[in-house]
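Shared between the two complexes below is subunit A, which has subunit B as its partner in the first and subunit C in the second.
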Partner chain A sequence: MKQLKNDALLREHIIRTIAAIARINEKNIDDSVLIKEELGIDSIMSLEIVAQIEKHYGIAIDEEETLQIKTVGEFIDYVQSKIINGCQEA
Partner chain B sequence: MKCCDPVYESLKGWGDHPVCIELGPDGSAASLSAPEFMRRINETKTMLATAGIGDHDTVAVILGNSSDYAAVFLALLEIGAKPVPVNPAFRRIELDEIISNAEPRAIIVESGHGKLVRPYAPGRIVIERENGKWSWNQPEGAKKKSSPVDLDSDIASINYTYRGYGYPLGALVPHRQYITGAHVLQEGIQLNRGENILIVLPMVNIFTLIGCLFHPLLHGITMIIAHRRNPVQLLEYIRRHRVDNVLAVPELFELLAKFRDEAGDISSLKAFLSGGSVLPVEQYRGLASLFSVDLIHGYGLTEFTPVSRNIRGSIKPGTIGVVSRGVECRIDSPDTAGDGEICIKTDHMTKAYHRRPEETAEAFADGWFKTGDTGRLEEGHLVFAGEKKKTRKVKGNMVDLEEVRRALISVPGIRDAAVTVEDNAVSAVVEREPASGSIEEVLGIKRYLEGMIAPYKIPKTIRLS
Partner chain C sequence: MKINLISPRGSTTGDEVVERIFSETKDFQGYIESLTKASSSGLLVIASLTPAEHVVRIIDENCEDVDFNDDCDLVGISAMTQQATRAYEIADEFRRRGRTVVMGGIHATVMPEEAKNHCDSVFIGEAEETWPVFLDDFRKGVISDYYRSGKPADLTILPVPRYDLLKKDNYRVIWLQTSRGCPHDCEFCAASRIYGHAYRHKTVEQVVREINVIQNIWPDARINFADDNLFVNRKYSRELVGRLRDLNIRWFAQTDIAIANDVELLRQMKSAGCTTLLIGFESISERNLQMINSNGWKMKKASTYADAIRTIQSCGIGVVGAFIIGLDGDTEEGLDELAEFIITNNMFMAQISILTPFPGTRLYDRLRGEHRILGRPWSDYTGMQVNIQPRLMSVEELQKGFYKIYQRIYDKDVRVKTLKHFKSIFKALSCTVENEIKNS
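And now, the complex of A and B:
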């Protein structure tokens, strides 16, 4: 139950971060939305999103790896895996 | 004289401080002394010769930033080959034009980009770089293929740029440009020997080649090459490596500003060297004050860089600085506000575009180069007004509006398109029949464009009419 709650908070926070940087209402963003094509996120915006997420969760995101990510849902999964791996390494 | 010769002379008197520190994605920092860097260049020369590259060969260089990039560029110049720096972000339309115009004998590419250059590989030497190691193929016939004969020995490299024709133009950049450009840049930015500079922009641009390669090597400045560009990481690099100077576009400095509060001790910073985009007065004042640095903004083109730069100690915010020594500048057909086309003349600039006589004749006349940009002179300082040519700068990247239109009309069903830049983003209106106007249709167009042009050129908004 606790895991589910954390997942929901993580998802909510990531969507809120993306929405603020893309200047889009977060209600218009769900997991299937394409980051570049639909939200118009360019390379400078991507750098800001990555920096915000790294800072908030204390993780390191490989910029090369994020190039393969297409949708908001994939990005959420990616961040989640980084957090879990970070916890396991610690 | 080749432009690598004074670099080698400079390296002889380099002293103990490193030529280059390369920051790996894993947090590592690999340092190269002057003798080690010279050894790297010599090894690269041997590798190039073994692969079959020699005097007057044109060589497309599609590499990310690294000490190897610097070594490859200098080694190619030394052996008399003509490097053709190519943006790794380029896709089919840009690559088709560049490869067919430059006809490179060889392509040097990161292994991850191997697939991208596969269509151009037949009959060419392809050298791949993977984890700092080189491997190459030597196809039958590549060794015997004749070298290009239409390039004078005073031409150092072919650097592609845009003027709104819808295709890139290969500026024939002379050796003198690299050396003169580095020296007149130094007259403005006045860095001290032993300082360092953080490199974040792609080395493919002439601004970076001069500001982050030739200038540091000629003036005893350590190059710190960052492989990551996210602002938190860059601020961490600045703190950890006591970075003195950063060269970037205003948009990247703005991004650093958003994370300044959590940066810790970055008091080592002395100067931000800025170019590639407009830097309004308010933005200038905000950045300079927030970071307590000299923010030195300038202006240049692939045909000559820097045309102008502010002089440290007498910076005039809102301007692109004083015209560089040795450069004549005039403003053609000024309007009532004094704005007209900026034209320049110097012995050190590009004089022609490779195999493009008509475009050359339109841009170069009577020894003058028509920049295609407009501006005015105010108290000896140039003020940038805009672009007369059909190109726009989008977050520091040059976008040729006609090239984007060409890419759009290559999409099945699109008859015509109008491309503009609004609020620092590309947008387009396209005529398509039949058009459903659905989001899926727009996404389909964007997906198609991903294989055709660099990501930063793909319109953020596409409206169907």
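And now, the complex of A and C:
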């Protein structure tokens, strides 16, 4: 139960971060939406999002790996796996 | 009356090798692609100046085919030089079918006699004043061969361009023009031939109103300011940037290197949604810069380029450096040095153009006098193909040098290095964003 609650909080925080940095209405962001094609988030905005998430969760995100991520849901899953695996910032 | 306004198909690169370089590296650089999938704004202005009794359609041939069987009464075509060849094909076909065809835009303005061979009337210069006159003449059945603008348009009285006529799903990036005119006098620039050097701008309220209209159609629109230089008048720029902050948009603009002297404004721009700035560096060679800019303004700034890039990017704004190669001082070694400069300074992106003698420019007149224009078709005037005989290189060396720069700056390892650099900048700036997220 606690895990489910944490998952929901993580998801909410990531979506709020994307919305704030890319200046998009949160209501237009769901798991299936394409980050580049539909949200119009280019590489510079992606980096700002990644930097914010890294700092907030104290994790290290590989820039090359994030280039392969297509949807918001994939990005949330990716961040979640980094937190679970304890990929700490250098 | 039914009026079709057409933007002819224009090639992004016109070159298979460049297409391949862009395609193979698109995971590492999505920037160029985002710019090419943008709307064109000139025809939207013409549509807004057309009385409501007429039915206007905008046809962007990069997104849809032209229907030559359409029963329109009038066809208007606007083209830049690289679109001119296709514009003439479209004009000829419509005229063969008995339609009245008019042409305007930058190419028709600088080559009016050539354009007239393919259409009934040519608009020379800005059309805000002449389009209503033409419509009146057309109604009376007595149109002139040429409609020449007499004075610079007063931008403060222009209506909102007809963004509503664009097909919504075709565009991710919307271009918006707030001003016209540039005080610099660059030898290669054709825009000043239409707009002149006197800087004119819309009111801040007009710009806000336009953005509101755009946001009603594209709620999460990305705005590209089409102005050659958005920050000529700092008082106006500050007021505009202050208002942009409340509109929750992400935007891109073009300007010159002097913006680096105003860190306070850069910070305001970042917090108002500015993601990237295209800056016309043109060259890293002082000798080249001296030849480009008659008053030496750019040459005097050359020694500050690296510091300026660092200053702008440390504010969280990516620099897209615009450079021209094939200038009279360029050599193969010089092109290597340019690639190294872009990489060493972690420039977010670079837009490399091969020196192109656009008709109407001082450059065109000079190179024509020196018999150095190759005489290739207008469709090759993309900025990615060699159209001149370079002074210190062969045509082949320049074209290969162009490919080599893009191959080097889009190399995967180089891009990852740049991405890491930007991530470190954003981490340093992240406290501000964290507060915005908490407050959202």
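Quick note on the criterion: the second predicted complex is superposed on the first by the 86 of 90 C-alpha atoms of A that agree within 3 Å, B and C clash if a C-alpha of one lies under 4 Å from a C-alpha of the other, contacts with A are read in each partner's own complex, and residues count from 1 in each chain.
Methods note: a contact is a pair of C-beta atoms (placed from the backbone, for glycine too) under 8 Å apart; a residue touches a chain by one contact, two chains touch by 3 or more.
In this text, all values refer to a predicted model and were calculated from it rather than measured experimentally.
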{"item": "Touched partner set for A:V50, first subunit B, second subunit C, both or neither", "value": "both"}
{"item": "Contacts of A:N28 with subunit B and subunit C, given as first, second, both or neither", "value": "second"}
{"item": "Touching partner for A:I69 - first (subunit B), second (subunit C), both, neither", "value": "neither"}
{"item": "Touch count on subunit A, higher of subunit B and subunit C", "value": "C"}
{"item": "A:L10 touches, of subunit B and subunit C: first, second, both or neither?", "value": "neither"}
{"item": "A:D42 touches, of subunit B and subunit C: first, second, both or neither?", "value": "both"}
{"item": "Subunit B versus subunit C as contact partner of A:A20, first or second or both or neither", "value": "second"}
{"item": "Subunit B and subunit C contact sites that coincide on subunit A, given as residue numbers", "value": "36-37, 40, 42-44, 47-48, 50-51, 54-55, 63-64"}
{"item": "Of all residues in subunit A, those that touch subunit C in their complex", "value": "13, 16-17, 19-25, 28, 36-37, 39-40, 42-45, 47-48, 50-52, 54-56, 63-64, 67-68"}
{"item": "Of all residues in subunit C, those that touch subunit A in their complex", "value": "27-31, 34, 172-173, 219-220, 222, 248-250, 273, 275-276, 316, 318, 348, 416, 419-420, 422-427, 430, 433-434, 436-437, 440"}
{"item": "Complex contact set, residues of subunit B against subunit A", "value": "25, 228-233, 251-252, 255, 258-259, 262, 395, 425, 439, 442-443, 446-447, 455-456, 458, 460-461"}
{"item": "Subunit B-touching residues of subunit A, taken from the complex the two chains share", "value": "34, 36-38, 40, 42-44, 47-48, 50-51, 54-55, 61-64"}
